[in-house]
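There are two complexes below, and they share chain A, which is joined by chain B in the first and by chain C in the second.
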Partner chain A sequence: MSNVVTPAPAPAAPPPVEKIRIKVDGRDIEVPKMLPDWQGKPVPTTMLQAVQIAGGEVPHYCYHPKLPVAGNCRMCLVEFGTPMMDPATRKPVLNEDGTPKILRSVLPYEPQTPRGAIACATPISPGMELYPSSPATRQMREAVLESLLINHPLDCPICDQAGECKLQEYSVEHGQAASRFVEPKVHKPKAVDLGPRIILDDERCILCTRCIRFTKDIAGDDALGIVNRGSYNTIAAAPGRQFDNNYTLNTVDLCPVGALTSKDFRFKMRVWFLKETKSLCNSCGTGCNIQVGSRENVIHRFEPRENDAVNSSWMCDAGRLNYQWVGRSDRLQEVLIRGARSTWTTAVAEVVSRLISAPKGSVAVVASARQTTEELYLLRAIAARHGAITDSIPREGEGDRLLVSEDRNPNSQGVRLTGIAYTEMGIRLPEIAEGIRAGRIRTLLVFGEDVTQYGLDAELLGQLETLVVSDILPNATTALAHILLPGCAHVEKRGTYINVKGRVQRFMKAVEPRGDARPEWEFLAEIARGLGVASGFSTIEGLFNRMAGEVPALAGVEWAKLGDGGVTVPV
Partner chain B sequence: MPQEYRLILKHADQPGYTPDIECYLRHGGYAALRKALATAPRELPDGKKLGPQEVIRDEVLKSGLRGRGGAGFSAGLKWSFVDRRSGKPIYLICNADESEPGTFKDRQILHKDPHQLIEGMIISCWANDVRLAYIYIRGEMPQGARLLNQALREARAKGFLGKNILGTGIDIDIHVHRGAGAYICGEETGLIESLEGKRAYPRIKPPYFPAVLGLYMCPTIVNNVETLCHVKHIVELGGAEYAKLGTPNNTGTRIVSLSGDVKNPGYFEVEVGKVTLGEIIHHENFGGGLRPGRSLRAIIPGGSSSKVLKAGEKFKLRKKGADGQMTQVEADLLDLPYDFDSLQQAGTMSGSGAVIVMDDTRDVVDVLANVSEFYAHESCGQCTPCREGALWMSKALHRMTTGGGRAEDADYLLHIAQNIQGRTICAFGEAAAWPVLSFVKKFKDDFVTRGKADESARASGVVPTAHH
Partner chain C sequence: MSFSVPQALENELDELASHYPQKRSASLMFLHALQEHFGHLSQEAVDWTAQKLGLQPINVYELVTFYPMFRQEPLGKTQIKVCRTLSCALAGSAELRAHLIGKLGLDSHRHGPQTTVDGQFTVEFVECLASCGTAPVVMVNEDLLEKCSVADCDRVLAKGRK
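Moving on to the complex of A and B:
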C-alpha cells in the first residue's frame, strides 16, 4: 500500500505468486494460494477471500479482515465440493467427459444432506468447487438469519444503526418473510452503560465477538467479555471494570448491528443524511485517516478511514471526539485591525505594507505545527524574504503502542521539512523573546499558537510595532493582535500534513468556514504575492506542486498522486 | 453366558482394594510402566526401524483401541497425527470431565483406582515425548481431584513421576485441573480453552486441530480416562493380544453405564461387541430386566446425545464374514451387539457407553423435554445455530409439556434441529439436535397426538394456554 517515492535501489523481482485453480459457482478462477491474515502474515487463502476475488460476496457477521477469525456467526456457511481421489492411485477420478469428478460435501452421518463449511476460516484447495449461491447455501444462510432474529427486539425504526445494519441488510437480501418462532423471547439488558463513551443494547447484540476481539487483540484491553451461557450470553464489561480504553469507539464501527452505540453520536442523526468527506485526524502526529460526517455545515462525527500504511481501520477515542470545538460560538470570525472590524483586502494590504517597510532582521514568525504544509511553506517563504527567525511550538504527550504518537502536533514533519524549524521545535523562542526585548525584532507574525504561554508574555508583545496574529479561537495572544486574521479549522479547508513517519497525506474540506474566516493558505498566498516572493498559484494543487518542487524531501510528489492514502517521503 | 470381563475394573470393587499406591503396587501396579520404559527398538520386515517409543505407539495402533470418550476414534491414529516436528512441547490431556448424562464410568476409575490412570498416562506421555500432562477433572468431583492429587504425590515420591522418572533421565509431570461445572468443558477444544484459563468456547477446526494447535497452540493429545487406562493394559498384553479381546475393529473392553427403567442399574465392563443391547438390559448378569409388568419403549444407547432407538426397531447390519466377504444381516434392536460399528450402522452411536432404558410408563415428549432442557442449559452459546436453536427447541418442548402443544410442533422441532446439526463449531450441535431429530421422527405420532389433544383442549376451553 505504501507508495514510497524515493529512488529505491532496483527492486528484486517479486517472487511469483503461487496460484490455485478453483471454481466459484461454476466459473473457473485462479486465486493466490496464500493471502495476508489480519496481522498481515501470509496464510492459506480462505473460501471467503476466493469468492471475493471471483467478484462475489459471502455474507458474514463475525469475520472482519482486521480481526482474528472467530467463526461463530455461521452466516458464511458455503456448500462446496472437492475432487474425488482414487484411494489406490491417489489420482483424481474423472467423469466421462474428462472433467474431474467432484464430491459434494455432505454430513458424514446423513449423506443426503449437504454440509457447508464456514468460508471465513476454511482454506481452499486445488480443484475445489464453491457454491456460494446454491440452494443449500442459501438455505443455511436463511436458517442462521432466522436464528439470529428469533430473540432480536426488531426495533429497527428506533435503532441508530438503521442504514448501516448488516442484520437489516442481510434480512432483506437473504431472509425469509415469516419466522416460525412462537416462543417467548429472551430478554436482556437494554441501554447498558459500558463505559464513559459506549452504550450497549444486549438485545440487539448478535454475539459476534468483534468488539471483544478488537478490545483484547488490538487494543490490548481485557475489559470486555461474555457473561452467562447459551442463549442468555451477554456482552459485558468485567465486574467492577469500565470499558474505558482510548479505542472503545472503534467497537461501535465494528459492531455489525446497533448493539454498541456512541454516547456522543446516538440519536443525533440518521446516518443516511450525513455527507462524508475524506480527511485526517489532526490531534497527533500519526495522522489517522478519517471520514468526516457532516450535515448542513455541522460536523456530527469523525470515523476512521482505512489506511494500512497509517492507522489500519482504527482511530483513538480522543482524536475521534476532538471535533466539537469546531462549532464553538466564540470562534474568531472577524478581520480586526487594532480591534476594529476590517476587511480582508485592507488587512492583507496592511500586512504587506508593514512587512515591506520592515527592515531586514526585524521580523520573526511563530508558526504552528497544526498548520498545513502549504501554509508553513508560504510562511517560510515570507520569512525568508525578511531574514526572519522562524520557529514553532512542540506539543508532547504520552504515546501508546497502537496509534497515539507522543507528538501531539499533526505536522511537525511539515515544520521541519519546510524549514520553519530544522531541528528541535521551540528552541529559538528565547532568541525571539530576547530580540523583542532588545528592540531588534519589531514585527511578529503568530499563527495558531498562544505565544504568551511560551515565554512571549503580554508585556513583551506590547513592545512590538506590529503583531499579526491568525488563529481560530480567541486566546491571550489574539487579544493583543494589531492585525487579527481569522483562520480555519482543518475540516474547513484543504491541505496536507506530513505525519511522524513521513506520510504526506491530504485532507478535503467538509464544512464552510465561519464568518469572515478564510483558509490561511489563501490569504498567505495573497500576502506572499504582495511581497513578490511567490506567485502563480490560486489553487491548493498549484501551491502544493510548487512547494514539492522546492522542498527537497517532497521531490517528485504531486497533489494528484497523493490519492486518498498519501505517499511516504524520507524524513 | 454373557458376562462381565473386568480388565480396567479388575480390582476396583474388590473388597479391601484401596486407592493408595501401596495397594496398587501390591496388585502389580507400575509394572507396565517399567516394561514400557524397557522396550527394545524394533526392526520392521520392510527394514524400517522403530525406536522404543515408536514401538509403544505402534502397539497402541495395532491394539485397535478406540476412544472411550464419545467419538470412538482410533487412539493410535490420533497419536499419529501429532505434529512432532514443530519444535514445540507436546501436551497430553486426560479428559476426566465426564458429564454426558447417563455416564458414570470414569468416576469409578478416578475414585477407586487413580494409579491405573496415572500409570496409563505416564506411559502415554513417554511414548509421545510429552513432558507435561493435565487431568481435567469435572468440577463436581472434588473427591476425585483430591484422590488424584494424593496419588500424584505418591507416584512422585516413588520416582514414577516428576524428575528423572525411574532413573531414565526423563522428566514427566502431571497436574490436576478442576473444571467449574460446564458440560462443554468436556469437548476437547473447549477443555483446552478452559485449561488456558478462558471461557470454554470450543475452537474452530480448521485451523485449531489439537494435534497441531492445541494447548497453548502446541501439539496436544486429548484422551478419555478409560482410553488412557487401556494403554497400560496394551503394554502389558501387547497390541495383538489386546486386540483379541472384543470383536474385530471393536477391540478390548469397555465400561457400560446402565440407567433408567431396569431392575439393576449400574456399570458393567464387557468385551466390546460380545454382549448385545438386549443382554445388557435383560440378562441377570447386567440390568436384570425391566420392572414387573413393564414393556420396553425406547433405548438411548450411548449417552443422552445419541439417537434414540425405538422398541421393535429392526436394522440391517453389514458383517464381515470369516471369508472376508461382507454380508448383510437383519438384527432386532435387542440383538444389536453393543459395539461402535453396529450402533453406527443402526443410525446411532455407542458414544460414552451410557445405556438409558425407558419403559412404557415414560412419555417420550416429557423425556425429550428433559433432555433438551439439559442441552439448552449447557450450550456455550458461541455459535448461532446451537445458541439459538438449543433453547428454541427446549422452549417448544416445555410448551408442549405444559398444555401448549400444537399438531405442527413435530415438524417445527424437526425444522429447528435440522438447522443445527452439521452447522456448528463443535459436535455439541449434533448432541443437541440428535435427540430431537430421532425422538420426533421415531415417535412422531406421540408428538402429533399430544399437540392435537392440546389444541382441542384449548379450543373447548378446558385447558388454559400455558403461553401467550
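Moving on to the complex of A and C:
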C-alpha cells in the first residue's frame, strides 16, 4: 500500500505490552503476559483467557471476568503441556527437528493419563501448549458435567433458565445422553424465599459461588454462603435473614443455571420468545446500559448490558424493576384540545399559531430532565425564538457507592448542556410563577412534569392563555392542559441521555407507543419547523447530528459514533 | 429464654480472640466454648459470635452446619455416639446402633443425631473415634466404651434412666 500516513503528533506511547508465545491446539499465538483481573489490576494471563484470545472458548461455570476467581467447578479443565527442560543445563530439550520437546501434563501416579489444569486459574508460561479441543480435554469435561448432574433434578421443561442455561448448553455439547447414576438423588430445598425479589431452587444449584462472590465482593453485602457438607451443600442466607440489597437481581443474571430466579420474571415468559433491544435505565443519572426483553409489544424484563465505562455488568434492582408502569392502562393516548379529542395535525398547527402570535417574553417552558437530549434541544430552540424562560425539575435521592446516583433524573446533563437550565435546575420556577401572576407570561409549555407540585398550582395555571402539556401518564397538570400531547416512554422511542459523568448514550426503541402517542422529538420537530427554528433533518440521526453541531459540549460527536456504549464529553 | 453470655465467659473469649492476627480465626473456639456452656448453638449464639468477631451471621452459620460436632438443637442428657467407620462396622457397630434405636423408639432411617422425646438420650452414628483396635466403640458423654456389647449398651440405658 502506498498510503502515506502523516505522523500524528506522537501521543505518549502506551508502555509496550509484554507478550508470551504459546500454542493453542497446535496454532502459534502471542498473548499478553498480563491482563486486568476483575478489579482491573494486571495479573498473569490465564489459560482460559489465552484460548479466548486464540478465538476459542473454554466452557466454564464459576469463572466470571467481573468476579474474583474461585476455581471450584472444574468445568474449565484443559489438557496442556510445557517445554521440557534439561535439569543439568536448564535449557529446553529439543526434538530431532529442532522444535522444543513438550511434556504433556500427566497424573504423577498414572503417567498414561493426561492431567488437565483449571484454565480459569492457571497462568500461562512461555512455550506452553494448550489443547482445548483434545480428546482428553473433552473427556474431562464430560466427567465434570456428569458429576454436576448427579443430583440435578433435570426439570428443564419448567425451568426459567431454559434457553439461557449454561448447564443445558454444555450438556448438549459435552454431555452424555443417559445418566449412569442409579443411586437416589440428594434432595435439597426447593423454592426457597431467599429475599423479597429472589427465589432459590437449591437442587438446580451447581455451587459455583458466583452469587456469594457477587454479593460479598461487588455489592458489599456478605449475605450468602454454603451451609452443610458434601453432597448436602446448599446455598443459603443465615436463618431469619433476607437477601435484600439493591443489587440482588444481578445474581439471577450471574447464576449459570436456573437456581436463582427473579420473582418478578419467573414463569412469565420463555426467554427465547423475547425480543432484545439495547436501551438505558432512566431511573437515575448513572444511565446503566440495559437490554429490554419484550414480546408482542409487552415489556417483560430489563437486564444489564455490559459497559465498563458506566455500569460494568450490573444494574440496581430498583432500576431493573421500574418498567411495569409503561403498560399502565391509564397512559395518555389521545391528543386533546380543551378536553376534546383532536388530531396531531390540528394540535401541532394550533400550538404553532399560538406561539407565533405570542409576544416576545410572554412564553415560558418547563422541560423534564427525563426527556431526551434531542427533545430538550428542540424545546430550547423553540424557547429561544420567543425569549422564553426555561427551567426543569431536579429529582434527588440517596446515592450509593456502586451505581445509584443521587441524581434521579437520567438527563440532567442534557438539561444543562442544551441550556434549558445552565446551572441549578428549578431555580427559575419562582420567576415563572411570578410572571404568570403578574400577567407577563401568558403561554406555558410543560413537558413531562407535574408543575402543580413545584409551585405552579392549579389556580396559577388557570390564569394562562395557553397551557400546552405533554406527558405520558395523567396528573394534575395534564388535567388542566388546553392542548394535551401524549408522549412516549423512553423504551418506545429512540434518543440519547447524557449521564452525570458526561457519557452521551443512545437508546433504541423496544415497543410501540400506545394509542395516538408519539415520540416527543417528532412533534417537537414539527412545531419547530412551523416556527422556522430547526429544520433540515427528518430522522433522529439527523436531529442528533444537527444538535451536536450547535451544542458546544457535543462538538464532533455523531449519532453513528455513539455506538452501543456511548462517548464521554466534557461536562 | 433470653440469650446471655456470662461476663466471665465473654472476657475469656475476648482475650482469646486477641491472640489471633485475624479475629475471624477465633470462630471455632468461640463456638466450642458457647456449645460447652449452652449445650447447643442457638441462632442467638451464632449472631453473638458474628457480632463479636466482626462477621456476618452467614459466615458463622456455615461453620455450624459444616461440622457435625456442632449442635443446633439441645441434645439428651446422655449422648451416645456409635462409631460407624470400618473397623467398628466390621465388628458390629450397626447392630449396636439398631439395638439402641429400637430400645429408645427412634427412627432407624433418619440421619444425624436423634433425641428421645423425654430429652434423656441422644443416639448418633459418628465417624472413627480413633480407637479402632478395640472396635466396636461407643462414646457415652465423655466416656469411651471399648469392645462394646449389646449388654454394655443396655447398662448405659439403665444408668441413664436413673
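One rule holds for everything that comes next: the second predicted complex is superposed on the first by the 561 of 571 C-alpha atoms of A that agree within 3 Å, B and C clash if a C-alpha of one lies under 4 Å from a C-alpha of the other, contacts with A are read in each partner's own complex, and residues count from 1 in each chain.
Keep in mind that, in the parts below, a contact is a pair of C-beta atoms (placed from the backbone, for glycine too) under 8 Å apart; a residue touches a chain by one contact, two chains touch by 3 or more.
These figures come from a predicted structure and were not determined experimentally.
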- After superposition on the shared chain, which partner residues are touched by A:426: those of chain B (first), chain C (second), both, or neither? neither
- Query: Between chain B (first) and chain C (second), which does A:148 come into contact with in this model arrangement: first, second, both, or neither?
  - Reply: first
- Query: Counting only touches as set out at the top, which of chain B and chain C does A:77 meet: first, second, both, neither?
  - Reply: first
- Message: Taking the superposition on A as described, I'd like to know which of chain B and chain C A:56 touches: first, second, both or neither.
- Response: neither
- Query: Looking at the overlay, what does A:224 touch: chain B (first), chain C (second), both, or neither?
  - Reply: second
- Message: Under the stated touch criterion, name the partner, chain B or chain C, that contacts more residues in chain A.
- Response: B
- Quick one: classify A:361 as touching chain B (first), chain C (second), both or neither. neither
- Message: Just checking: does A:236 make contact with chain B only, chain C only, both, or neither of them? Give me first, second, both or neither.
- Response: second
- Which holds for A:186: it touches chain B only (first), chain C only (second), both, or neither? first
- Note on the structure: Footprint intersection on chain A (chain B / chain C) at 225-226, 228-229
- Residue set of chain C touching chain A in the complex reads 43, 46, 55-59, 61-62, 65-66, 68
- Message: With touch defined as at the start, can you tell me which chain A residues reach chain B in the complex?
- Response: 69-75, 77, 107, 109-110, 113, 115-116, 118, 121-123, 140, 143-144, 146-148, 150-151, 180-184, 186, 206-207, 225-226, 228-233
- Query: Which of the residues in chain B end up touching chain A in this complex?
  - Reply: 182, 199, 204, 206-207, 376-385, 387-392, 395-396, 399, 412, 415, 418-419, 421-425, 430, 467-468
- So, in the complex, the side of chain A touching chain C is made of residues 222-229, 236-241
